[in-house]
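Two complexes follow with subunit A in common, the first pairing it with subunit B and the second with subunit C.
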Partner chain A sequence: MIHIKRMQEDGADVIALIGEIDASSSIELDLAIAKSVGEGFTKILVDCGALEYISSAGLGVFMSYIEEFKDRDIRMVLYGMSERVANTFSILGLNELLQIGKDKVEAKQMVA
Partner chain B sequence: MRTKAITRLLFLVGVITWLALLFTDISIVFSSSNANIKQELPTWLPGVILNLYILSVFYYFKLKIERDEVLNFVDLLWRVFATGLVFTVISLSLRLLEFLMGSTRLTTNVVFKDLIYLINLALMIGFLLMAFTAWKRLILYQKSKWLLRLWAFFEVGLLFSLLYNTFDIPMTEWLYVTLLSAFVMAGLVLSGNMKWVAYLNFRQKWTSLLLLLLTIFYLLYLFYTNSSLSESIANTVPHFTDYRHHIFVLSLIVFVTIYSTFSFLVILFNLPTTSVFEQKLEEVVNFQRISQSIQTEQNEESVYNILLETSVSTVFADAAWLEVNSKQLNYKLFTYKITDKEAHDIIAHLKTHNVKGILEQSSDKTKNMSKHLASLKGSRFRSILAFPIFVKGENIGTLALLKELPEGFNKEMTKIVSTFANQAGISIENFRLMEEALQNERYKEELKIAKMVQKSLLPDVLEKDDDFEIEAFSESADEVGGDYYDTIRINDHLVALIIADVSGKGTTAAFHMSQMKGIFHSLAQEDVEPDTFMVRSNQALVYCLERGSFISAIYFVINTQTKKIRYARAGHCPVLYFCAGKEQAVYFKDKGIALGMVRNKSYKNFIQANEFEYKSGDVMVLYTDGITEAKDPKGDEFGYERLESVVNEVRTLGPKEIQDHLIKKLYEFTGTENINDDYTTMIVKFK
Partner chain C sequence: MNYTYKVGCSIENLKGVRDFIRTSLKNHGVADLQISEIVLAIDEMCSNLMIHAHHCNPDDLFELHILVDKNNPVVFEIVDDGTVFDINQFHEPAIDNIVHQKRKGGLGIRLVKSIMDKIEYQNRSGRNVCRLIKSVHYQ
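Take a look at the complex of A and B:
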C-alpha cells in the first residue's frame, strides 16, 4: 500500500511517497509522476523519507522516465531514502542513472 | 404382486358373501312369506353377511384406488363415472327384464323381488364404496394433521357402526339419530376440502362437471330403485335385509351425494376464474424459465429473447422490444412481433415529445406512457409499458411491452413484468460472472503453461568440472516468476555461468526469461568478455523489453587453466564469496546497471568486467532478491547478514549440503511453505 501526497514548493513539485511500493501500487506512482509532468513541472522532487520498501516494478517506474526526462529537460531528484531503499536502488545501479540527494535542501540545490 | 393377489381374494370374498347373503335372505323371506315352512335361519344372519360383504368391498376399493399412484383427478372421476355407468346399466337391464316378463306370478313373487333388490343393493353399496374411496383421495389431496384426524374418525367410526348393525342391538331411536347425524356432520365438514379443484385446467373442469353430474344421477337412480324395492318388500314380509336402518349405508349415501354435489358446484363456480389461475401458473413457469436460462443458454441474447417471450405471453401483450443501450455494450434492439422500424418510430416519437419515462435511460421509474402514444399517428399500438433492466446497479437497457388496446395494462401486470425484468437482470449478471470465472480459469490455465515453460527453461543438468561443483535451486510462487540460471561450457577450460532476474511476473516475465536464455546461449558460445556480454545483451533486449521492464544478471566465465574468474554484474544481487582461508565472507558490490535500464550506446559506461582468483575450498553463493527479501511473520527481511551467517555455518560442506541448509533455514525463517516470491540460488564450490 502506498499513499502519495503532492505539494508545490518554490516552483518544484514535491511528491511524497508513504508506505510500500509493489507491483500493484507502482501504477499509482506512475500516475503521480505522469500527472506532475502533464501539469508542466520541470522540477520534480520525490520524498522517499517514508518509503519503506520498493519492488523492482516500482524501480521500473523511475527507470522508465529517465530518457523522457532527459529529452524534455525535466529534473527529478529523489531524497531522504532509508538505507534499505537506497540499497535496492544501488544494487540495480539506478543510483547512477537517477539523481539522489541526501535531504530536501540538497535535492532543491540539485534541481536548481 | 401381493396386493394384486389380495385384491383378487377380496373380490372373491365379496362375491361369495353376496351369494351367501342371497341364499340366507331369500330363505328367510321365503319362510316368512310362507306360513307352512318353519323358519330355521336366525333373522340377524343376513345382516352379518351383508357387513362382511361391505367390508370386503371396502378393502377391495381401498387397495385398488388408494394405492394407484398415477391416477389424476379426471381419471379418478372417470373411474367413478364408469363404475356407476356399468352398475346403472345392469340395474336398468333388470328393470327391462321385469318389464318384458310383464305381471306374471313370478314377477310379483316376493322372493323374485328380493333377488332383484339384493342385486341392486350390492350394486349400490359397491358404487358408494368406490365413490367413497375416490372422494377420500380428493379430500386428502392437500392434507393437514387436523384433516387426517377428522378423516380417521369418520372412516373408523363408520366401520364401527357396522358392529351396531351386526349384533342386532335393539333399535333405540336416540342412538340411531345421534350416530347418523354425527356422521353426516363429519361428512359435511370433510366436504369442505375442495383444493384439488384449483388444479384443474379449463378443459378438465368441463369434463369433471359432466362426470360429476352423471355420477350424481347414478346415485339418485340407484338410491331410488333400492328404496322403492325395499318398500315393496317390506309391505309383504316382516324380515329381510333392509338397508334403510343401516347407519353405514345411510351415512355413505349422504356423504357421497353431498361431496359430489359440492364438487359439482365448486367446479361450476370456479370455471370463470380458471384462466386467472392458469395464468398464475404460467407466470411461475415463465419465471423459472428465466431463472434457468442462465444455466442452459449460451449467451446474453438468449436471455434477452426469453425475457421478451415470457413477458409478452404473461401479460398478453401484442408486441415487445428490448433495447440494450449501455456504455459497455453495443446498441442492440431485440423485437418481438414488431418491426424494428415501428419500434424506432415509437422511441423517436417519445423522445421528440420529451417524455420523461423509462425509455430515457436516466430515469429509473417504470411508467405507463400510453397517453403519449395516442399522439403518434400510424401506429397500431395504443398502450405501452416500459421497464429498466439493471445489472449490478447499472441500467443496461429497457424492456417495452405494447398492446393494441388502449389502457391494456393493469397494476398486476406491471408488477409481474417488473419482477421478470429484475430476474433477467440477475440472470445476465450471473451470466457475466460465469463468463468472468471462465476467463479466470483460462488465465490460470495459461499461467500453468507459462510456469511449465519457465521450468523447462531452467537446465536439468549443470556443467561439471574437476575444479568445481555447482548446485542450483529454484522455486517460484504461484505466479510465474522470472528467475533464470544456466551454465554452458565454452571449451575445455572455460565455463560460462549466468544468474538473472526478470522484473515483473507472469507470462511476460517467462517470455523475457526465454529471450535471456537465447541471448546467453548464443553470446556465451562466442567466448566474449563479460562486460561485452552485458553490453550486447542490453543491445538485444532494448528491442523486446517494454517500458519499465528490466533484467538484472551476473555473467561469469570460469577459467580452470588460470584459476581465474572474470565476471560482470548488471544490477543483480551482489555475489557472496567465501575464501577458504578467511573467516569473513565478502559481497562483490561492483558497479553495474541492470539490462534494459539504459537503452542506448552509453550503457557500456555503466558496466565493468572484474576478475578474481579462486582457490580450493572457496564457496561462491549466487541468489536472487527473493532470498534476501524473504520476510518472517513480523515483517523482518532475511537480509544479507543472515544469508552470510547461514552459509558460513556449513561452508566446509559440499554445495548440495550448503544449499539444503540454506533453503531449510529460509523456510524456517519465513515460517511458511507458501512463498510469495521466487527463491533461486546457485552455489559453486571450488575443489
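Take a look at the complex of A and C:
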C-alpha cells in the first residue's frame, strides 16, 4: 500500500512516497512520475523519507526512466531513504545508476 | 521452529507475506537489515509465483514455510502445484540492458540470487518445493 503526494517547490516537482511499493503498487509510482513528466517538469525530487519498503517492481520503475530522462535532460533525485531502503538500492548497485541525495537540501542542489 | 503461512495468489497478499516473514525472524533475533533483505528476496519469489505460475488467481493457494534452527541456516520453502520455474536455469538480463531497453522487470531474480546463499527445487509427494537457504546472524 502506497500513498503518493505531489507538490511543487522552487520549480521542482516533489513526489513523496508514503508506505510500501511492491508488485501490486508499483504502477502508482509509475503513474506519478509519468504525470510529472507529462506536466513538463524537468526537475523531479522523490521524497523517500516515509518509504518503508520497495521491491524490484518499484526499483524497475526508476530504472525504466533513466534513458528517457537522459535524452530529455530531466533530472530526478531520490532522497531521505532509510538505511533499509538505501540497502535495497545498493544490493544491485542501482545507487550508482540513479541520483540519490541525503536530504531535500542536497537533492535540490543536485537538480539545480 | 517451523512457521507456516498459507496464501492465495493475489498480489494484494504480498504485504501479509512480508509481515509473516518479519514477525517470524524477529522472534529469533535476526538483525533488522538482514530481515529486510530476506523479506525482499521472498517477496520476489512469491510475486513471481503468483503472477507467472498462477496468473494472480486468488483461489490458487501456496504455502510458505520458514524453518529456523539456531545452529543452521534459515530455510524457506515455497510449496505449490503450479508450473516449476527454476531460477537457477534463468540468465537474468544485464543491468545495462535493462536501462537501455527501458525494461521494468528483470531485477527480481538478480536480487534473489544476490541475497540467498542457495536455491534448490524438489518434488515432494507430487508438489513443487522451492527451498531458499540463507545463513543469518542471530543477535
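By our rule, the second predicted complex is superposed on the first by the 112 of 112 C-alpha atoms of A that agree within 3 Å, B and C clash if a C-alpha of one lies under 4 Å from a C-alpha of the other, contacts with A are read in each partner's own complex, and residues count from 1 in each chain.
Criterion: contacts are C-beta pairs under 8 Å (C-beta built on N, C-alpha and C of every residue); 3 or more make two chains touch, one makes a residue touch a chain.
Quick caveat: nothing in here was measured; it's all calculated off a predicted structure.
Undergrad: Could you tell me if A:9 is touching subunit B, subunit C, both of them or neither one (first, second, both, neither)?
TA: neither
Undergrad: Have a look at where A:97 lands relative to subunit B and subunit C in the superposition and call it first, second, both or neither.
TA: In the superposed model, A:97 contacts both subunit B and subunit C.
Undergrad: According to the stated criteria, A:56 is in contact with first (subunit B), second (subunit C), both, or neither; which is it?
TA: both
Undergrad: Tell me which partner A:83 touches in the superposition: subunit B (first), subunit C (second), both or neither.
TA: Once the two structures are laid over each other on A, A:83 reaches subunit C alone.
Undergrad: Under the stated touch criterion, name the partner, subunit B or subunit C, that contacts more residues in subunit A.
TA: Of the two chains, more subunit A residues are contacted by C.
Undergrad: For A:106, is the partner it touches subunit B (first), subunit C (second), both, or none of the two (neither)?
TA: Touch status of A:106: no partner.
Undergrad: Touch check for A:20: first (subunit B), second (subunit C), both, or neither?
TA: Only subunit C; A:20 stays clear of subunit B.
Undergrad: Which holds for A:64: it touches subunit B only (first), subunit C only (second), both, or neither?
TA: both
Undergrad: Hey, what residues of subunit A end up touching subunit B and subunit C alike?
TA: Overlap of subunit B and subunit C footprints on subunit A: residues 23, 30, 56-57, 59-61, 63-64, 66-67, 84, 91-94, 97.
Undergrad: Would you tell me which residues of subunit B are touching subunit A in their complex?
TA: 501, 503-505, 547-550, 552, 570-574, 589, 591-594, 597-600, 606, 625, 637
Undergrad: Give the list of subunit A residues in touch with subunit B in this complex.
TA: Its residues touching subunit B are 23, 30, 56-57, 59-61, 63-64, 66-67, 84, 90-94, 96-97.
Undergrad: Once bound in the complex, which stretches of subunit C touch subunit A?
TA: 11-12, 14-15, 18, 32-33, 36-37, 39-40, 43-44, 47, 50-51, 95, 98-100, 102-108, 110-111, 114-115
Undergrad: Where on subunit A is subunit C touching in the complex?
TA: 1, 20, 22-24, 26, 30, 53, 55-57, 59-61, 63-68, 83-84, 87-88, 91-94, 97
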